[in-house]
Amino acid sequence: MTNLAVNLPGLQLKNPVMPASGCFGFGREYSEFYDLGKLGAVIMKAATGSERFGNHVPRVAETSSGMLNAIGLQNPGVEKIIETEVPFLADYDTKLIANVAGSTIEEYELVAKTFNQTNQVHALELNISCPNVKEGGSQFGTDPFMAAKVTERVKQANNLPVYVKLSPNVSDIITMAKAVEAAGADGLSMINTLAGMQIHLPSKRPLLANKTGGLSGPAVKPIAIRMIYEVKQHVSIPIIGMGGISNAEDVLEFLLAGANAVAVGTANFQNPFICPEIIDELPGVLNKYGFGSVQDAVGKGIVE
Amino acid sequence: MTNLAVNLPGLQLKNPVMPASGCFGFGREYSEFYDLGKLGAVIMKAATGSERFGNHVPRVAETSSGMLNAIGLQNPGVEKIIETEVPFLADYDTKLIANVAGSTIEEYELVAKTFNQTNQVHALELNISCPNVKEGGSQFGTDPFMAAKVTERVKQANNLPVYVKLSPNVSDIITMAKAVEAAGADGLSMINTLAGMQIHLPSKRPLLANKTGGLSGPAVKPIAIRMIYEVKQHVSIPIIGMGGISNAEDVLEFLLAGANAVAVGTANFQNPFICPEIIDELPGVLNKYGFGSVQDAVGKGIVE
Amino acid sequence: MKNEKMQIMSVNSVALDTIEMVLKNSYISQTAVPGQFLHVGVDGHTLRRPISIADVNKQEESVTILFKIIGSGTRHLSSYQAGMILNVLGPNGNGFPIQDDATVLLIGGGIGVPPLYNLGKTLAERGTKIISILGFQTADSVFYEQKFRNLGETYIVTNDGTYGYEGYVTDVLELTDDFDRYYSCGPVPMLEAITAALKHKQGFISLEERMGCGVGACFACVIPTDTQGGYKKICKDGPVFSAQEVML
Amino acid sequence: MKNEKMQIMSVNSVALDTIEMVLKNSYISQTAVPGQFLHVGVDGHTLRRPISIADVNKQEESVTILFKIIGSGTRHLSSYQAGMILNVLGPNGNGFPIQDDATVLLIGGGIGVPPLYNLGKTLAERGTKIISILGFQTADSVFYEQKFRNLGETYIVTNDGTYGYEGYVTDVLELTDDFDRYYSCGPVPMLEAITAALKHKQGFISLEERMGCGVGACFACVIPTDTQGGYKKICKDGPVFSAQEVML
């Protein structure tokens, strides 16, 4: 029997597949399609210190094999999330990861601290890489010094394992990864979206109200694979891989590149059952390529 | 009548469309499909100081809406190119741009100087952004200081207008663009490919012999548009835009984002007639969206 | 709402660039209410396309949609042929609130007309008197005129006057003041004009926005409900809102 | 070489995951020589797929290709039906050198067999005696056996021994030493073994490599010709090389 289990800091996962932050809300909508207990974990939509209303619409655009989004971290705020969303998800037999965002180090700390008070969240994903907000987010994600600092402070502020979500919009992803590892990150989550834009010809202006948005979907998969492959050789903390995954073969490609587990984002919009379908198909794909377990495949694509 | 002409340093173009470097060899093969005199210009495959044999095969892979390449600057060397390739292209009624590559500043200088000796080349494209070679190329493309230095030295070494080809694999494209503008660049060419990777499941290793390769094609278009849009607002030199162009609407999108002319790469492989077809369709597309000339549309998508 | 396969029964061009497709599906035909939409998968496209349900035939277990060819997704969809299978999420959204009024006014603009047909038919069956004002760009774009006339009094308006009244739907609003409620769907400028002109009336409008998930999970399709940052999701809380509920 | 449209005349499954397609096109059918290939566009795929010409019928202006379903491109291609149009560059590459030998040996491995059929047929018509050794993985993969038998003496080898001889094509090479020249196409390890075993013979091999342009412009498909960095382009200088010309 193929063993899908993965054991990561704070996350004893029955399988390595989880919906990516922002593409699954807080699970309610997709719980109408299937039992969320099938999932290895759920990563919630980003939480900030207080309620955020996000960017103006349009917030999404379609691109070749991908999409742009500029939601702008709309969320009801960490306390409301703990009150109304976490208990709903906690009823399912799955692990829960909270995506932590903010404009200042203090806000990140506050959000992390607040999640620490509930015992229903198993890990934090520190979102220092959202390209769609004016403050915070991406400046933390492109400067290794700032990234290390916010990681350190969030680690101090809470007891949960922290997976730092890296931005791909950098010249040197290895330096970023090493900086947050040194600052105490328990794991990495990569990649967030690539900053992109679409211009709407009839109106002769950027289609998204925010002008730029984050590119996701199959279009970015080669970039994600390259970054994970490079980072894996320089860090020893585990990696949750994502970026364009849409089937079980893609999952194996991420595992071979060095991911320990994976998240699926954009593909949920095309197929609401994508996560359980991938989980069902994964044993067959692992076997086909000669692996007896998920663990066996991790990093096996790295040569020399 | 819709005016397609574009007047750039050294390049009085009858239309803004040219094949991108590396996707058109030195024109011979595509000259069997159509008269190269239809093209605004031709950008030749990269030239280095002496002959280069490039990377091992496989050198290309297919991705969702894109491809990876790691040719590795294979070329017969600048002198051989001037001897055997330039005269062939000079026979056509089109402008000729030489793509200049190297491992050291001295090599870049040498190549530029050598092209200066022929009067059949109208401009240089300074390739500081090739992700597929161990030395040179990308370190010049990600460090603004190095980029400025090589630009300055190449400008000193020759009298031709120099278009610096920027790498998208950077945290801050605006700083790169400003650095080379300050160093004397006559124009920018953007974007080169994004570093990516594909892992071949049956062999459990990177598919490309070079492991990583450069991602091109429609998948990267939103990234190119975003970068051109951002850079346009901070430089006053013209931009040759490229990255995923596959039809005349795409060309207009690049013009609106701020490109003054465009190059078409990967799309040649799907449709060898893509450049002349785009040139034929461009007037209709410009008219449809209310533009009387190419020049009218440049930068018109930039708001606020 | 479920993820369903729908077999295409027929594909017809009913006006300029306007396609009518009849789709077979038991679950959606039995459960859909007027104003709901289908989130339609189109091969080779990352995002699904939201298209309103224009008609339902419970006996034949069929659902009719009407769409205009706008961009690459609808263009590709228009090339699908009878016998092929669509992958659809549906029925999505809330739908129009139904009530037994004496008379209702339906105001549709362009490709906002389809959901009003299903609504009008449903209300007419319940004995409500239907008055319809349908606006189109030009004569070639007019569709479903006879179907609406079968439901009741119908005014056709074209922007260029090539058919029916010339101008905008608001220009003929004065012809009909005798109704209890109005329902409207169409471009935002039209909805703004209508909600302003009919401030004194109870009305419901159906909105469009670019969507990601189409099910309420991604926060792509929000509409403000007040100036304090309140918002609703068009895909889940809508697409139908009371005219006073949202800020256009 | 031109960019041509080819109408699909027929699609047949001739062995496990192996499809035979007959395509109609005047220019390519009249100009193609054995060993050349088509660079076939597949919807939704960035790169074209190189597929050898397996047979030509000049009277009917048709060209036959045979391909194995390997990945997404060939899988999609296998779903195309008769009547549909393929966008093709062709005929590409150099082709096998043709000469009036008394006897030639054809050695094909798997999906390397198809170009040898067109070659064998052409040589047989010119009076050359044809001996064929065809290797396949297993009985289910065997195709075109009778067609080759019609050309002459034919040995079938399967790796697992489920049909014909068991083993590799090299295992049966000793059965036939009486030939002037050999032509081979198949996986690289097979070509390595053959060129080593038949060092004393004149031979031509057809190579495969991942391609970009397929016309010689992108430098994707090179093969070294010596240890000094000499190289040839498989798409343009090849795919056929003399056995001594390239370094496998």
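In this document, chain identifiers A, B, C and D correspond to the written order of the chains, with residue numbering beginning at 1 in each.
The rule is simple: a residue touches a chain if its C-beta (ideal position, glycine included) is under 8 Å from a C-beta of that chain, and two chains touch if they have at least 3 such contacts.
Just so it is clear, the structure is predicted and the values come from calculations on it, not from any experiment.
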Chains in contact with subunit A and also with subunit B, listed by label, are none
Relative to subunit D, largest Cα-centroid distance belongs to chain C
Taking each chain's mean CA coordinate, subunit B and subunit D are separated, in whole Å, by 36
Dist(centroid_CA(subunit C), centroid_CA(subunit D)) in Å evaluates to 56
Chain-centre distance (mean CA atoms) for subunit A and subunit D, in whole Å, is 46
Two or more other chains are touched by the subunit A residues 63, 65-66, 217-218
As the complex stands, subunit A meets subunit B at residues 63-66, 68, 142, 169-172, 194-199, 201-202, 204-206, 211-213, 215, 217-223, 225-226, 229, 244, 249, 252-253, 256-257, 289, 300-301, 303
In the complex, subunit B touches subunit D at residues 22-25, 28-30, 32-33, 45, 51, 53-54, 57-63, 65-67, 69, 71, 74, 217-218, 266, 268-273
Counting only contacts in the complex, subunit D reaches subunit B at residues 1-3, 41, 45-48, 73, 89, 209-223, 229, 231, 236
